[in-house]
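Here the structure comes first, spelled out in structure tokens, and everything after it is commentary.
For reference, chains read A, B, C and D in written order, and residue numbers begin at 1 within each chain.
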Amino acid sequence: MHRIPVGVLGASGYAGRELCAIIARHPGMALAFATANERRGERARLGGAEVRFVAHDDAPLTSAELVFSALPHGASATWVERVRNVGARVVDLSSDLRPGNGAAPVPYGLTEVTRQQLPDASVVANPGCYPTAILMALLPLVRRGLVAPGATIIANAASGVTGAGLSPRTDLLFGEVTEDFKAYSVGNTHRHLAEMRSVLAANGGDADLIFTPHLLPVARGILATITVPLTRELEDPLAPWREDFAGEPFVEIDAEPPTLRDVVRRNVVRISARHAAGVRQPTLLVLSAIDNLVKGAAGQAVQNANVVLGINEPTGLPT
Amino acid sequence: MHRIPVGVLGASGYAGRELCAIIARHPGMALAFATANERRGERARLGGAEVRFVAHDDAPLTSAELVFSALPHGASATWVERVRNVGARVVDLSSDLRPGNGAAPVPYGLTEVTRQQLPDASVVANPGCYPTAILMALLPLVRRGLVAPGATIIANAASGVTGAGLSPRTDLLFGEVTEDFKAYSVGNTHRHLAEMRSVLAANGGDADLIFTPHLLPVARGILATITVPLTRELEDPLAPWREDFAGEPFVEIDAEPPTLRDVVRRNVVRISARHAAGVRQPTLLVLSAIDNLVKGAAGQAVQNANVVLGINEPTGLPT
Amino acid sequence: MHRIPVGVLGASGYAGRELCAIIARHPGMALAFATANERRGERARLGGAEVRFVAHDDAPLTSAELVFSALPHGASATWVERVRNVGARVVDLSSDLRPGNGAAPVPYGLTEVTRQQLPDASVVANPGCYPTAILMALLPLVRRGLVAPGATIIANAASGVTGAGLSPRTDLLFGEVTEDFKAYSVGNTHRHLAEMRSVLAANGGDADLIFTPHLLPVARGILATITVPLTRELEDPLAPWREDFAGEPFVEIDAEPPTLRDVVRRNVVRISARHAAGVRQPTLLVLSAIDNLVKGAAGQAVQNANVVLGINEPTGLPT
Amino acid sequence: MHRIPVGVLGASGYAGRELCAIIARHPGMALAFATANERRGERARLGGAEVRFVAHDDAPLTSAELVFSALPHGASATWVERVRNVGARVVDLSSDLRPGNGAAPVPYGLTEVTRQQLPDASVVANPGCYPTAILMALLPLVRRGLVAPGATIIANAASGVTGAGLSPRTDLLFGEVTEDFKAYSVGNTHRHLAEMRSVLAANGGDADLIFTPHLLPVARGILATITVPLTRELEDPLAPWREDFAGEPFVEIDAEPPTLRDVVRRNVVRISARHAAGVRQPTLLVLSAIDNLVKGAAGQAVQNANVVLGINEPTGLPT
């Protein structure tokens, strides 16, 4: 198989390392460069291959047909522009170009939902980890008009600490996180809300959304527990996802609620749904689980890159 | 200080051990006996004191003025009756006599809420761990009529594994729980629901309740994240709790969301509340944290016993 | 690639599940059957494939060219005999046929050391997890006569809890293991000692061995910290391993001490060695790390099966 | 009970916070000040009391009869001198004044061993965490001349991450430490070696010592597994500790090997010893466990302060 040269900007963080590891095992991609300013000149073993980090400014941008940017939010957009100017495609894992963030709209890479927009894209905004888990759980209901008019959807979610990045923060030390659990961005203030609201609205959603993320004492994984007031009880509560995602290799629908263990190190979203018993308002409990670094970041980015580059979509992705 | 003799039925589980440990450090109680059928004859060091387990049938019931029953649900009620028959008081940690469970009503030991019913009680039904966290969070809103009529309250909660007891279950092995997180009793089917609904209704609650518990990879602690549709926005979202629990030594109200770390090994419930931004229906996010084994079980049981026995309420309780 | 049919006896434990997962991804093997008496009739998703468990007695032994036995110690030998009687090869993961255990000697599958004995073998005794980590660390020194005569080698090792199996033991519950660490089999009494001593003696070892295992609050991985009194200081402390294991794809020698993270989910042993400073007796500190379920069990078993079956040795093994 | 005013320099780290928490519950001490330059002006809840941090330079040194310094190694000695100059006593938790570090000798606070030197001390060097666990395990053997002449003692130890302090290091993030285990300072290079060697030599020790520390994925606790070549087998392997530490409230000798769980949050060292079976050289395996923040730091510091100040030694210490 021909290996298409790709580059990674911001390769030393959790998402960047995961990208390098997936690329190392991808039969259709070759890593042209990996940048990391603070670790320039260092080597790391990622996915069974040795990677040597260079400074961002030393990246041979023109050597790659496609560049993944795992640079921090705010810093990424400028580099996306540079890469486009030399004619390479970009998959941007930052939030800079995602819907709801005020930037000029670019294709959004929630692959199973938006894949027809991707083949010609020069840049793809890769979804956030929480939005991936929550939108895949909500869109089949929203698009069918099943959400009760004027309702409030409650999305509680919990993420492993790699979601907070590989930065030296005291509150993320092992001694602080072990045996703890807490909510953050309480009051509906998380920066992923605009992205979720924007995509829901574009799909006909009218409901309000309350999103409360939590920090779990685990390395990887997101579990979202979502409560959706419905217009009516569903005969088969799994039918909307079974229909929308029939044949999708990276979407698993099951009557049993998903656990982190079902999804970590895999490029899948796993979804379950049950009606809440004993309440007057018909309400569905939808549970959705992903690995925040794989389907929630690097895996979906490679899935999008496969579509952009004309590679068979599941190629190189861990299942 | 005079030490009143007390006994513990079912002393080898997590709640029973915690009871023995608290009693060992309590200046007003002396442990008269501790039973554990399967570990009869064994010794354990609990709270700095050595405890020797006897069979339930060998417990000198008449030697105690008050007996704590930490026997399993279903097995406890019979023993409560036996103890009452010999004239001792009982604090029952099982669900057998709790409201909503169909038994003849006995005083319910949510101490800060029901303490005036306790001094003359021959038996007290000690609340469940989830109900303690959730009812303390909801009652100030319910009693003020602040919950929107016909609304659905969404209570998501996550508990450490000691909540599932000290039984040899494969799914609770370290190798299965570490790095995992999952929901259980999905669909509003948890056995604590009847207890919560019954107490809410008795306090004027009309709202429906959807409760989804989760299993955390931690030993101790419960965090409840509760979404409450309100009749109106509150000027001070903490005011209902500040008023209802003013001066309570075991209730902490704080603008910062509580974490497990704030409450483990302490007999407190810690509560915070914030309005959800950006939604049409005024909605309050209430967070509530307890140690499931202390304020959610053994600690509150001793708090109730203190009231029953006329001991100063905070005596012997870890803060 | 032609897929050779293989079977797994005892497929529902940790090692058995890992075997099924590796076989599912192995391009040269096909799973003919997987047995699990207590879970007969159930299905499990292992390595991306669905496995259906049958009772041991219902296993179509003749359908497989090679059978892996992951049955418990004591129960395995009988089944090994049954499989041999129908003409299939066996890799036995139990200790029943390992050196030092009193059984008639069969080839020992410490692949990098004994691979020339394997191609014609009808049965291979797969090494224990601790012996794999420790023997790979010691044999290069022993075979060179570098261990001081009459010396005592001290092997401390720590293992993740999957080493203790998937049995419902109270002492292995998450609530008991988290935040704990302890030694076991203290006093040089572990059942793996005979295996290690026997192999060391067969390779010319004269030194005594003191082995103290510990239980780590992690799921997977073994780290052995071994102290070896030497006849003399080595110019290059890594040279013995670099020479003996040159070109081996599953042995990694590095100046940096190995961590569990370096080896989990991989079929490698990673070894480092440094002289102890400031002591009169020349002494080498050798550190060795493996994944107890992969290189310490299922991975090495498949590596051995590859050799037995004439498949290219690294095929299908995770690196 | 009269409360003697004490101060804490460096109160925001793990040891400093533990000191404040113990002092808050100590019936004979009152916290006069707590310093933390980077968190000056902030408040923290420690041991049930609220503490307000001031800058080091703003500490009212003269208001305290005794000052604990939990300042970093290197920074502490200067402050010890300042405190002595205003006439207050000091317990220094840093390594600056410990034996073997080249400073002018001051009394060493391994309380059970050196308490007769403490009552008149103006400054006490509080032992390191590893030295506390290891010296308490070795001194009874060394002082009896039971260690084989010219022998090498092997001390492997593993510590929870709070031993590395509350500093924002990437390698100490939860995502890096969970499910990992590793050795560090491999090659007998740890900075605690000089302290241990110096104390052993002062007690007649001739043996060499090889010390290899490990980082555990737990918050608290140290377990040391020590191998000691003996001059002869002991009839009762626990006798040396039972004799030396008879009646000591903070030393627990038991035939069962200690676990972290036995000692965390308690000011005790727990020791066990067994002969190694099957070796020619009589060898004792000694296991020793402490909480690195309590008996290994803040607890022992308060124990020493109690002796210095004439308070009954066990006062205020968690057992």
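Keep this in mind: a contact is a pair of C-beta atoms (placed from the backbone, for glycine too) under 8 Å apart; a residue touches a chain by one contact, two chains touch by 3 or more.
Because the structure is predicted, anything quoted here is derived from the model rather than measured.
Chain A and chain B touch with mostly matching residues; of the residue numbers seen at this interface, over half occur in both copies. Most remote chain with respect to chain D, judged by CA-atom centres, is A. Computed from the mean C-alpha positions, the centre of chain B lies at a distance of 37 Å from the centre of chain D. The geometric centre of chain A is 38 Å away from that of chain B, both derived from CA atoms.
The centroid of the Cα atoms in chain B and the matching centroid in chain C are 46 Å apart.
Looking at chain A, one finds that residues 160, 176, 178-179, 217-219 touch two or more other chains. Put simply, chain B touches chain C in their complex at residues 14, 160-162, 166-170, 172-179, 217-219. Here chain C touches chain D in the complex through residues 150, 152, 154, 156, 158, 160, 176, 178-184, 186-189, 193, 208-210, 212, 214, 216-221, 223, 225, 227, 229, 257-261, 264, 272, 274-281, 283, 285, 287, going by the rule given at the top.
Every residue of chain B that touches chain D in the complex is listed here, in rising order: 48, 178-179, 319.
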